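As written, the chain order gives the labels A, B, C, D and E, with residue 1 at the start of each chain.
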Amino acid sequence: MTPRVREILSWYGSESPGVLTNLSRLLNHGALAGTGKFVILPVDQGFEHGPTRSFGPNPAGYDPRYHFELAIEAGCNAFAAPLGLLEAGAREFAGEVPLILKASNHDLTLDEKDPTQAFTASADDAIRLGCVAVGYTIYPASTGRLEFYEKLRSRIEEAKRAGLVVVLWAYPRGSGISKEGETGIDVCAYAAQIASLLGAHIVKVKLPTAHVEFATAKKVIEDMKIPIATVADRVRHVVQSAFAGRRVVIFSGGTFDTTENLLNEVKGIAAGGGFGSIMGRNSFQRPKKEALELLGNVIKIYRGS
Amino acid sequence: MTPRVREILSWYGSESPGVLTNLSRLLNHGALAGTGKFVILPVDQGFEHGPTRSFGPNPAGYDPRYHFELAIEAGCNAFAAPLGLLEAGAREFAGEVPLILKASNHDLTLDEKDPTQAFTASADDAIRLGCVAVGYTIYPASTGRLEFYEKLRSRIEEAKRAGLVVVLWAYPRGSGISKEGETGIDVCAYAAQIASLLGAHIVKVKLPTAHVEFATAKKVIEDMKIPIATVADRVRHVVQSAFAGRRVVIFSGGTFDTTENLLNEVKGIAAGGGFGSIMGRNSFQRPKKEALELLGNVIKIYRGS
Amino acid sequence: MTPRVREILSWYGSESPGVLTNLSRLLNHGALAGTGKFVILPVDQGFEHGPTRSFGPNPAGYDPRYHFELAIEAGCNAFAAPLGLLEAGAREFAGEVPLILKASNHDLTLDEKDPTQAFTASADDAIRLGCVAVGYTIYPASTGRLEFYEKLRSRIEEAKRAGLVVVLWAYPRGSGISKEGETGIDVCAYAAQIASLLGAHIVKVKLPTAHVEFATAKKVIEDMKIPIATVADRVRHVVQSAFAGRRVVIFSGGTFDTTENLLNEVKGIAAGGGFGSIMGRNSFQRPKKEALELLGNVIKIYRGS
Amino acid sequence: MTPRVREILSWYGSESPGVLTNLSRLLNHGALAGTGKFVILPVDQGFEHGPTRSFGPNPAGYDPRYHFELAIEAGCNAFAAPLGLLEAGAREFAGEVPLILKASNHDLTLDEKDPTQAFTASADDAIRLGCVAVGYTIYPASTGRLEFYEKLRSRIEEAKRAGLVVVLWAYPRGSGISKEGETGIDVCAYAAQIASLLGAHIVKVKLPTAHVEFATAKKVIEDMKIPIATVADRVRHVVQSAFAGRRVVIFSGGTFDTTENLLNEVKGIAAGGGFGSIMGRNSFQRPKKEALELLGNVIKIYRGS
Amino acid sequence: MTPRVREILSWYGSESPGVLTNLSRLLNHGALAGTGKFVILPVDQGFEHGPTRSFGPNPAGYDPRYHFELAIEAGCNAFAAPLGLLEAGAREFAGEVPLILKASNHDLTLDEKDPTQAFTASADDAIRLGCVAVGYTIYPASTGRLEFYEKLRSRIEEAKRAGLVVVLWAYPRGSGISKEGETGIDVCAYAAQIASLLGAHIVKVKLPTAHVEFATAKKVIEDMKIPIATVADRVRHVVQSAFAGRRVVIFSGGTFDTTENLLNEVKGIAAGGGFGSIMGRNSFQRPKKEALELLGNVIKIYRGS
């Protein structure tokens, strides 16, 4: 157990040893073991965007086993996916990579202004499949967010009782904000705060832009001269918004024009004190060799070597 | 136990021996026993379309026992029907054909743009009636789909705990798509993916057309030159979308002009790697002799003899 | 136990001996005992239409005990009423007539296009009051029908576990059909089918007219030349729609101009193979002497003597 | 135990000795003990109308203890109030007056066309506080009435299992009727019937006017020449509508111009066979001395002395 | 135990010794121990207003530990915060300050006319974290208030069974009242009454203005000459509205122009018989030294020294 892992575990003083054990498994697995940094492979795009669009570009990805292998070979801290996908590989790859059961999902067969998520798996499912964590998505700014928080809290309570780590994907979206606002710096910070207050151990947000959505936040940012010009600045503000950095915050990217730009963003995340990256489409939509190379480079940045 | 059945069972590594035992019962029953192929007789049209329209053309079908007999005599792998219909024959035909309790239903006494289903039976009912499986219908693209997925998952979890096989009828329909889109190739593939991710063991979809509904899918299909011209092409894409063929996918037809066309479609399903057919109206709305002949021919195609 | 009663019981092969025992109590009570025919006195009009309108014409009916006495003296198979009404007489008349607890209700203090019912009693209530059966009303064609079916099924499951017979009042009504359609022959047949599929032991429908509501049904009726001209024809089609006559279907009338017309309709029901009548307002809104005479004549028709 | 109390208890033949014991406590307490008549002090106006409006006119009423004392000193059969108010005096006045926990409430911070009630206490609360009864308000004619009846029935079932008497405040209101209709004679009678059918032991309605709301009721009232001209006539019709007088029906007034008019109405209630009065604002909004005098006069009328 | 604390505890005669023990912990902690007065530090603004706006002005507040320390050093009776925030310090500061788990929350990522709250923690959570109390916010005058009261009551019942003190934040808001009405004297009094009736031990309201919202209240205020001109007058009316001062009522301020004005308002609260202040933003948005000075001055006012 490295001092850094011990330090991170110390932030979760209200959790049971069971939860801390599973959290240490995430921290001590793969190429970043012991560093306190994370690279996670998430594959829920089949549910979110459909299989044709998600796996068509690299058809190996239609097979659930491909993603287990990719996560293992790349040295990711964990592999995150919906129930059915984990069920299709959990026995074959038992014990080879920590699993995060993405236990809420949404599909785009109907595009709604105010999206919500369906709970698609239970803590019992996670235990049955040998997972160390469960993950859920919240949509702050949507009309149904409060109702969802309430149901989510029961799920989180159940998960913690089962000794599971809780990961929240915090994606602001809906009637409360503009399209640009979804990645606005104040909105991302707000989302990280809500996720932390709901009891998340690990918070996943989108990489914020310099856009500021709410006038009340804009005033404080200007009055207090909070720096938000660079990726590192913005990552720092979001990390601060998650209990002054005492909750693990990781970042996702999206679609990129060049690999170089992607890696530059990762450097910004690292520089700003972010805890890591969660990379789905950018990993599994390219051939495995290229994906391993990319993930290797990302890991290098987080190792600082 | 044939090697093919063993292979299929191996895809469900996260399920209990109880579930695998029931799945093997489906695979090892009837004229297609051991082949890994399926012909299933479903009779839920009385609920969906009403009795006059469903059974008027062949009045023998008003009697539940007729369908049990048809499924048995034709050598189907299973007979699927709603609660009341199974209750009306389960004792008399106990042990003669594997039963699938169609545990969600919808009626057309009110035609709605965004349909949903009522859960009309429990896992306890299935056990009480000696069923090997339960079946449910999902409507991706409808406004109520997410709420339904959530309730469904609790039902699936309950069913699996009871050792039951889970069959999902995946019928996209509703505000999210056009009428043509309901059988669009990308939509059918998406539906098969969602059903698999929700934990279905067997997925039932409509035979897809070459229509592509979503622009994002269209782009990938064109860019990657995914073939969708023939029935076999499209079946292959849908089967691939169900975990690269590691989930059983079966197809339904609808109303046909000629028996020849119907059989040609079945040939396409077989050529594309589909696992079988589920044939309701085309079976029970013609006289029994003709139905047995038709089902015999379908079985021959799947046996490849 | 007459052969006919044995035969009817044989149709319910999936039910427990407890349920069959209670069903036999209905079949073996009163003036029609052993014949397989039913005359049931239902008194839920106080809830549905209010007391002034229901009991004003014959004020003896304000007292719950009056209806117990009427059902007993007339030799009805059973007396059906809501919770409070049964509570007001169940001890005094314990064991004198089989009781059906009408466990869902609706009132007309607000007239709604798409009505629904409130569940107003439990299986525990039925057991506590010594009832042999519970009854519920479904409204096929209403916007809330599917949600109601789902809740109803849990109630039915609970009732059957308690050994209770389940009676469904199947009254199509709401946005899906026209006013005339509520008693259309195809609609009544559809309602009887749905009730049977939901697991009802006894189905109660309104006497159908020759109106056909749905174009799809009209086509089959014309193509197959299904006779619907007389009361007997239509009763036959509805009975056929309830599992080819293997579920007990009974009929209600409504308000009649003359007693002679009422009795002619009963003759039609008997001729068409209907299992009996359920007569509320036509019984308790006239003086007891006249009511007993009327019910006596109805019973004679069903006895065929 | 007086013959009249024995007689009243005999109407509730389906209830447990536990419920009858609590009902006898109501019947045998205070100045009307043994007469079968009731005067009840209800204080839920703080919730319904707010404290300023309710207690401002007589500020002693801000203190919950005042109302306990008033009910005790006046010789009321019972004191009825919401949870918090009873919690504030139940220990101090334990055993001095039967308590009715008003377990549903509504406030006027938002005035809605179709009001509903929140359940604000449980049967466990009632037992914990030493209550003999629980009370709920229903709003027949409101859009949410059926949903409320359904939830209410579970509460009533729970209450009866706990041996509690059930009192229903039946206040028609909402989209189904006009403002005048809220106290229409047919509507009040209908409300009393619904409350009785839902299993209430004691029904509380507003004093009806000669207005008739529904055409169908008007016709019967005219055809049958049902007298509704005087208070006594109308009370008689409502009492009859509660199982021919075999359920206890009590009446509330409202705001009165003179005490004389109030007492005249009470005389009408007594003459029509009503079981008593429930008097809130008219009691606690005047000085205690005047309130005791008023309640004393009401009690005298019911004692017939 | 001071006489005043004993007196306050005596008002809660229906509560268990477990609840009284926790209430005494609140009354006997910090600089106001034994006086019956309260100064509480609440930090739920991160959820309600977002982190940037809440903690940007004094970035030390991003760290949950800062607020524990502030509450301890200032000698507050208690520290109140949402789940995640308490989880982040409960072990480190165990036993150093009584904790109130703010178990319902709302965020401003979407600004709604009729707000509601999500339940974000359970009584079990409170026990697990060593809290003495749970807190919830109600929004009288909002469309969802009744539904919320009902869910809240189950939570309160659960909390009391766990021996927890219940604090209600009573914030009228929504369609039923004007913006000005949210702090109207009659509305604040009404809110305090509702909270008391729902079973709250401690009620928190906003400091009322002289605005009167409802015509029915205005009439009584004028007729009875109820004084509402000064802060002390208005506090007195609100305290009276909480069971004639037999429920603890504390007040919050909001944003102030000068510290002097803030302290003047506190003097008004003390003069009117208010039980104390709950001060969030005014405490943690200024440097710790200034915050301690301010809280020290507030405490002095309540100590009357």
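Everything below uses one rule, namely that a residue touches a chain if its C-beta (ideal position, glycine included) is under 8 Å from a C-beta of that chain, and two chains touch if they have at least 3 such contacts.
All of these numbers come straight from a predicted model, not from anything done at the bench.
**Q** Between chain A and chain D, which partner chains are common?
**A** Joint contacts, listed by label: E.
**Q** Which chains does chain A share as contact partners with chain C?
**A** B
**Q** Compare the two sides of the chain A and chain E interface and say whether they are made mostly of the same residue numbers, over half shared, or of different ones.
**A** different
**Q** How many degrees of rotation bring the Cα atoms of chain B onto the matching Cα atoms of chain C, given to the nearest 5?
**A** 70
**Q** If you average the CA atoms of chain B and of chain D, how far apart do the two points sit, in angstrom?
**A** 58
**Q** Please work out the Cα centroid separation of chain C and chain D, and write it as a whole number of Å.
**A** That gives a centre separation of 36 Å.
**Q** Among the residues of chain B, which ones contact at least 2 other chains?
**A** In chain B, nothing touches at least two other chains.
**Q** Once you draw an edge for every pair of touching chains, what topology comes out, line, ring, star, complete or other?
**A** ring
**Q** How does the ring run, chain by chain, when chain A comes first and chain E comes next?
**A** Following the ring from chain A in the direction of chain E gives A, E, D, C, B.
**Q** Residues of chain E touching chain D in their complex?
**A** So the residues of chain E in touch with chain D come to 11-15, 140-143, 145-147, 149-150, 153-154, 157, 172, 174-177, 186-187, 189-194, 196-200, 214, 216-217, 219-221, 223-224, 226, 237, 240-241, 243-244, 246-247.
**Q** Okay, in this complex, where on chain D does chain E touch?
**A** Residue list for chain D touching chain E: 46-47, 49-53, 55-57, 59, 62-64, 82-92, 105-111, 116-122, 124-125, 128-129.
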